[in-house]
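Shared chain: chain A. Partners: chain B in the first complex, chain C in the second.
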Partner chain A sequence: MARFAAGKAPFLRTTDHPSQGTRIIMRDFMIGLSPIILFAWYKNGIQVWLDGNNTFLEMLYPLIFILLGGFISMIMEGIFFYITDPQVRTLKALMPKLSSSFALIPGLLLAMVLPLYTPIWVLIFGCFVGTIVGKMLFGGFGHNIFNPALLGYVAVGFTLLGVINAAGGVFNQSEVLVDAYAGATPLSSLLVNRVIGYDQLVTPYGSLWNFFFGTIPGALAETSAFAILLAYAWFVYRKVIKWFTPVIYVGTVFVVSWVLGMVLGDGGLWFPTYSILTGGLFFGAVLMATEPVTSPKNPLGKVFNALFLGVLTVLFRYVGNFPEGVGTSIIVMNLFAMPLDRFTAIIRIDGLKKSSIIKLAILIVFIILIAVYAIVKANGMYTIGGSL
Partner chain B sequence: MILQKAKGIRIDGRKAMSKELPLQEVLNPKFVYIHLLRQTETLKRLVEVGETVKIGQVIALREGWGPLPIHASVSGKVTAIKKVWHSSGKMVDAIEIENDMQNTMDDSVQKEQHPESLTKEQLVEKMKMAGLSGLGGAGFPTFVKYQSKLPIETVIINAVECEPYITSDYMMIHLYPEKLLKGLSYMMKAVGATKGVVAYKKYNQHIADDLQPFLHQYPMISLYPTEDVYPAGWEKYLVQQITKKTYASLPSEANTIVNNAQTAIFYTDMVEENIPLIRRGITITGEGIQKPQNFLVPIGTAVKDLIALCGGYTEGLDPSKAHYIAGGPMTGRAILIDDLIVNDTLGAVIVKPMPNNLPAVECMGCGKCADACPVYLTPTEIWHASERGDVEAVKKLKANKCIGCGLCSYVCPSRIEITDFVDKAKALLRKGV
Partner chain C sequence: MKSFFQKNHLILIFTSLLVLIFVVGGVYSRFMTRQITFHQFKDMVPDMTQLVEFTPSATVDSEILGEDTTLVASYEVYQGTELVSYVFVIETVGKMKELQIAYAIDVETDQVISVKVVQTKETPEYFARLTTAFYNQFTNYSLDRLNITVDAISGATMSSDAFKVALTYARLQYALLTDFVIPSALVLVESVRYNTDFATLNGKPLIATIYDVAQDQTMDVYLTGGFDFVEVLTPGTTAPSVAAIAELKASAARDFATFGRVFATSFNTETNALVVRTRGYSGFITVSMQIKSDYSAVTSLTDIVSFESYYDGGYQTRGEAPGLETYLFNRYFNEQSIDATAGATYTYQGMTALFDYLTLLFTSSNGGE
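Moving on to the complex of A and B:
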């Protein structure tokens, strides 16, 4: 007679194969970030260097800055573990802990959405808010309510935007020299001037193709829809994220912005296209809104989460004093992820019954109301620009 | 629609290994042990130590809502009442019978002269007298299904065998294709059904090839190939696919009865020869078995004898790093001591080395479990609600709808025992309120 191991059914798991599992998902996530990071480096470092506008060291700076973000948040998490857990006070005990809590990612993502000239101490502050307040104090990886990187970003955005702008803001050494930009990013020029017109919003930056490829001023890594789409394709192929969340999110912003343009008197397709290619929407939709810990788990919940994100992004863009719509709306929806998950999970299991149809209708009406409110408010505050 | 369509996941079948060798009949083990337990019902013992018994003699009774007689599976002497391992993972009292190798049949085991002239009631009575219970795994007394008050139009034979590794149904059909169809036609007669369907997995085309030569004799019986997904053999999935109807708790609500393939095969013996349920087919397989194969054995046979016939465990197998699984790999149970005895619902024993486990990671909430769930549950929500002790939420999330297929744990990238957590939530429901 022999004694066998205990275990629980099922005795087959997808993770039996070494090519599956949470670690692999996180590895694939990092791989997916690389085209975005490389583009950020190219745009803010290499291209500027080729133009002859910065030194060799400054050429390396964007890459160093992004990696530094990851490094700082890893150090902070390490210190947190060291203080709170007497068991992990050696490097040997610390490293597996850090790798299974994916300590690198919040700081990395945070650095990617900050402007190039963010002072390092601001980055450290953002990493602290994101990693320590946003993640570790909630109980670590898997228990956080807010997306750590975004929480850090919003904290920096609300408190230290002036400091960043004083230090140079988003404009790299080449962009500063372009008179047409007039010190404004595409979205800030919309929000400051409150004029919707192709000549006002797009022409200074060339064409919408520049928006698509990302050669416009903006935070470090968020400008290139193209690089982010590459990452998106990789994520979907490797099943890192659900394919429909970014599509629905971006699609909702597109549709609502289009209607908004029409109501204001410019029904051209350029405006919704411009709307989705600015303000880091692609970055938020692909990398932040899909973050699994802080979004609903069931597919129906993910669909509604994305719809809400879409209308809230438009709302926050045009109404209120938030620095920008994408980050704020994702943070707001993080708060509602749990109740929304529960609500939709019940609809999902009940199937198409009267009670669940009513619940669905409530959600949809709510979403439409937000969109209508945003459009009505914007209608009073924004005007259509003529040709220059 | 995103809301409610039966679905499944393709899982590598690993069935080839146990199909290489033909099914072997091992009808005379030295000892058999008849468990005094069926489903959750403890049986009433009718024989004492020292008594001689014949094959087919009633030695115990199942009482309660599904009363059934339980029969001796070999002839010989009752030598002890002792505790042996049961596929439920517990030790259970059992009647030990020492085989006298005479194969003496009980007087009740006689050839039926005119099986085709039996009435509906007689056919159902035979199910009951033969102690027939579902051989698929649930062990539900078969006659109870046939006493349904609702009109039954279709009898479905579930030959899908959708769990990986297991091939006993297929090997039994391969040997007895005619008995399967005959058994199905008797079942249809027993309930007045006008349609019979044998459902099998698409890639198991050989089942269709085995049955095809006999099908022309049974015009009311057709074949139905299902998708090659798990859990395609789940009753509700089959009924939905075949009849386009769905039901809440029992297939009879959709005017359907579903029976396992082996149940039908043995039912033919019951009708024509009056042989009660004393045998079943079983797969002994897995990467930890030298020569995986199928056996037809008396109920009560010791699994270790069968493993010995398979050449034992593979060389160098470390039991402390391997699982000994009673049943299929998706829903079976790990047995700690390899001293299991075959009972009516045990269709397979799988011995397989454990994978090199990486330490489990926290749930990151990817939602793959909710995606995979064939009944559209959100397992993470159920898990959290039950951890909070929130019975009301568990109820609203319909944890009771879980069919225990194991897919949520199967797909979990963090190796979380999510199936087990949902099981706990279900237990909370049964206990609470």
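Moving on to the complex of A and C:
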């Protein structure tokens, strides 16, 4: 009979990590993030510096910004612990709390998904919303409903996007010189022009290889699918995340986008490939959809969570007014993590009974309905682009 | 105090760190923002060392170009400590809204140095038709001219026009900031037409309707084939000033160039000898002829002077110039059909334009028959 754990996540299999528990996860997580952070620094700092388009101080900014995000998050959590718990008012008592609480992560991830020219005070605001509002006020690590980094991201995106754009926006010092970009990222270009065509969406940014390696305009660390795949391989190897959640999430977006392209009149594989390589989908799928606290705990729940994320991302991206769709989808599914977990857990317990098959069918019908609605709705909103 | 610090040192350190990050980070962010603007426009002005954003004390009245065209940002560009140019970022409407175009204007020469599209939501496939040649027309574009003109690109007319509107705004803004004076019109050329009156045709093949701004009067004037002013046609009006006449020639030549392609250079009312020039491939083809005394048709071909070059595949069989021209004229004279001549397209087009012109002269002087 299947056994289920209760209480706050993550649940560690002690045979995998016999000695240190959450600290191991923290270490593995940081190792996994390092190629993504380094690529973000390379693309927005070092490469631009080598091109002669920025100064040394500007070159350092992307790295400092990302690390600062983690640091700010940690300080805020430290202040929160200090105020709310009289037992942790010394550094010696505080550090283990911060470590086991993954205090660094929300700010770090938040900084990675923000545009390069986000003012530091906006980052502080985002860290406050993510760490204090999204995490600590819910009871701290393991009790939060929403992914803290994403909550900070959504708060910043909804309230201070104009400030970020006025401060310089998303393009680095080399990218502002590229006339072909015309001030638009691949997804904002789609949103503005509502034209689906390789020449319109891909050609201005090079080829789909540029999308894969991440040398396209976008938020600091979310553009490189390649770097994120390295992190993914490491996380799976170290069993930090379940391998199938990102695969199903990305796969669903690929398939639904492909069908959408076919319905619109362009059945080329370039469009679903473009869909999965833009808007931080890989970043969200590997680093946020797999977050143990805010996603379902049992494997079947994770599968359905990923399927829902896939269809919702297509819906929000191609029907909604915000181009990326990933962050919104994950936040929405955070809300449904607990009921989905319970629902799928019952299905697992019941096995292949009539009642569980009906429950399964209900979930599948929901997913198909969202996908069909997204495709039908988007069908009238886009035109197929011709060759330039 | 000491005990307070000892008791609360951790929270004080954390708070101080947060404040420090806020202040130093704020300075760092501001630096980055200033730098990105510098990087964005640094290729617009050679040897730019400093770009300073400023708010102009006066901006262009929104009634002039409409509320859709606005100034987004203004920058002073320095080379060392010397102010060398201004950069104006203008937002206007092309096919879509929010088209932002930056113009860099040299303060010494009053010329546009360069243009840059800062932001566009135009349809990509049409906007891509604005080629390098289109943008190059703004290089060293003097603002010291009567009208802002931009050569529009077929298929991207609305986008092209947006560049014109934005440049007009930039010039107005530039004039508000500096001692630059926008030239005002001395004369407006409203239309040009052929003079079809054989009595006055000699030396006066064109008639222009103009508005003399200074004298506030509209009049018809005779022009030569080269758009030079000859005399006033409208009784009771005073001739334009010398400056206005010069402007008239330039304006007519620019806006009514098709009239300069074919025209009568002379007509002798006593002998009925008519000389007409038309543009071929290698300059003008001059055709001299005799016409009937009632100005209804050609009676004979006198001479054709042509410098057209030969092309073996085309009119080699007609002999050297003006072989083809003579052949075509004879077909016109004999009222035979005139087919396009492969390999001599420009010559053919020049000659058919001449025939059309002759037809216009003859029919107009005979009541349109």
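Rule of thumb we're sticking to: the second predicted complex is superposed on the first by the 367 of 388 C-alpha atoms of A that agree within 3 Å, B and C clash if a C-alpha of one lies under 4 Å from a C-alpha of the other, contacts with A are read in each partner's own complex, and residues count from 1 in each chain.
We adopt the following convention: contacts are C-beta pairs under 8 Å (C-beta built on N, C-alpha and C of every residue); 3 or more make two chains touch, one makes a residue touch a chain.
Everything numeric in this text was worked out from a predicted model, so none of it was measured.
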Which partner does A:Asp199 contact after superposing on A: first (chain B), second (chain C), both, neither?
second
Let me test your reading of the model: by the given contact rule, A:Ser355 touches which partner, first (chain B), second (chain C), both or neither?
neither
Applying the touch criterion given at the start, work out whether A:Ile120 contacts chain B, chain C, both or neither, answering first, second, both or neither.
second
Quick check on the superposed pair: does A:Thr383 touch chain B, chain C, both, or neither? Answer first, second, both or neither.
neither
Should A:Ser34 be classified as contacting the first partner (chain B), the second (chain C), both, or neither?
neither
State whether A:Lys297 touches chain B only (first), chain C only (second), both chains, or neither.
first
Given the touch rule stated above, what does A:Leu68 touch, chain B (first), chain C (second), both, or neither?
second
Residues of chain A at both interfaces, chain B in one complex, chain C in the other
none
The answer for chain A against chain B in the complex is residues 1-16, 20-25, 96, 100-101, 140-143, 242, 292-303, 341-342, 345-352
In the complex, the residues of chain C that touch chain A are 10-11, 14-15, 17-18, 21-22, 25-26, 28-29, 31-33, 35-37, 39-40, 43, 96, 100, 116-121, 123-125, 127-128
Give every residue of chain A touching chain C within the complex, in rising order.
53-55, 57-58, 61, 64, 68, 71-72, 75-76, 78-79, 82-83, 89-91, 94, 116-121, 123-124, 167-168, 171, 173, 176-177, 179, 182-184, 189, 192-193, 195, 199-200, 204, 385-386, 388
Could you please specify the touching residues of chain B with respect to chain A in the complex?
1-4, 11, 164, 304, 313, 319-325, 329-339, 350-352, 354-355, 358-359, 361-367, 369-371, 375-378, 380-381, 393, 396-398, 401, 406-407, 409-415, 417, 419-420
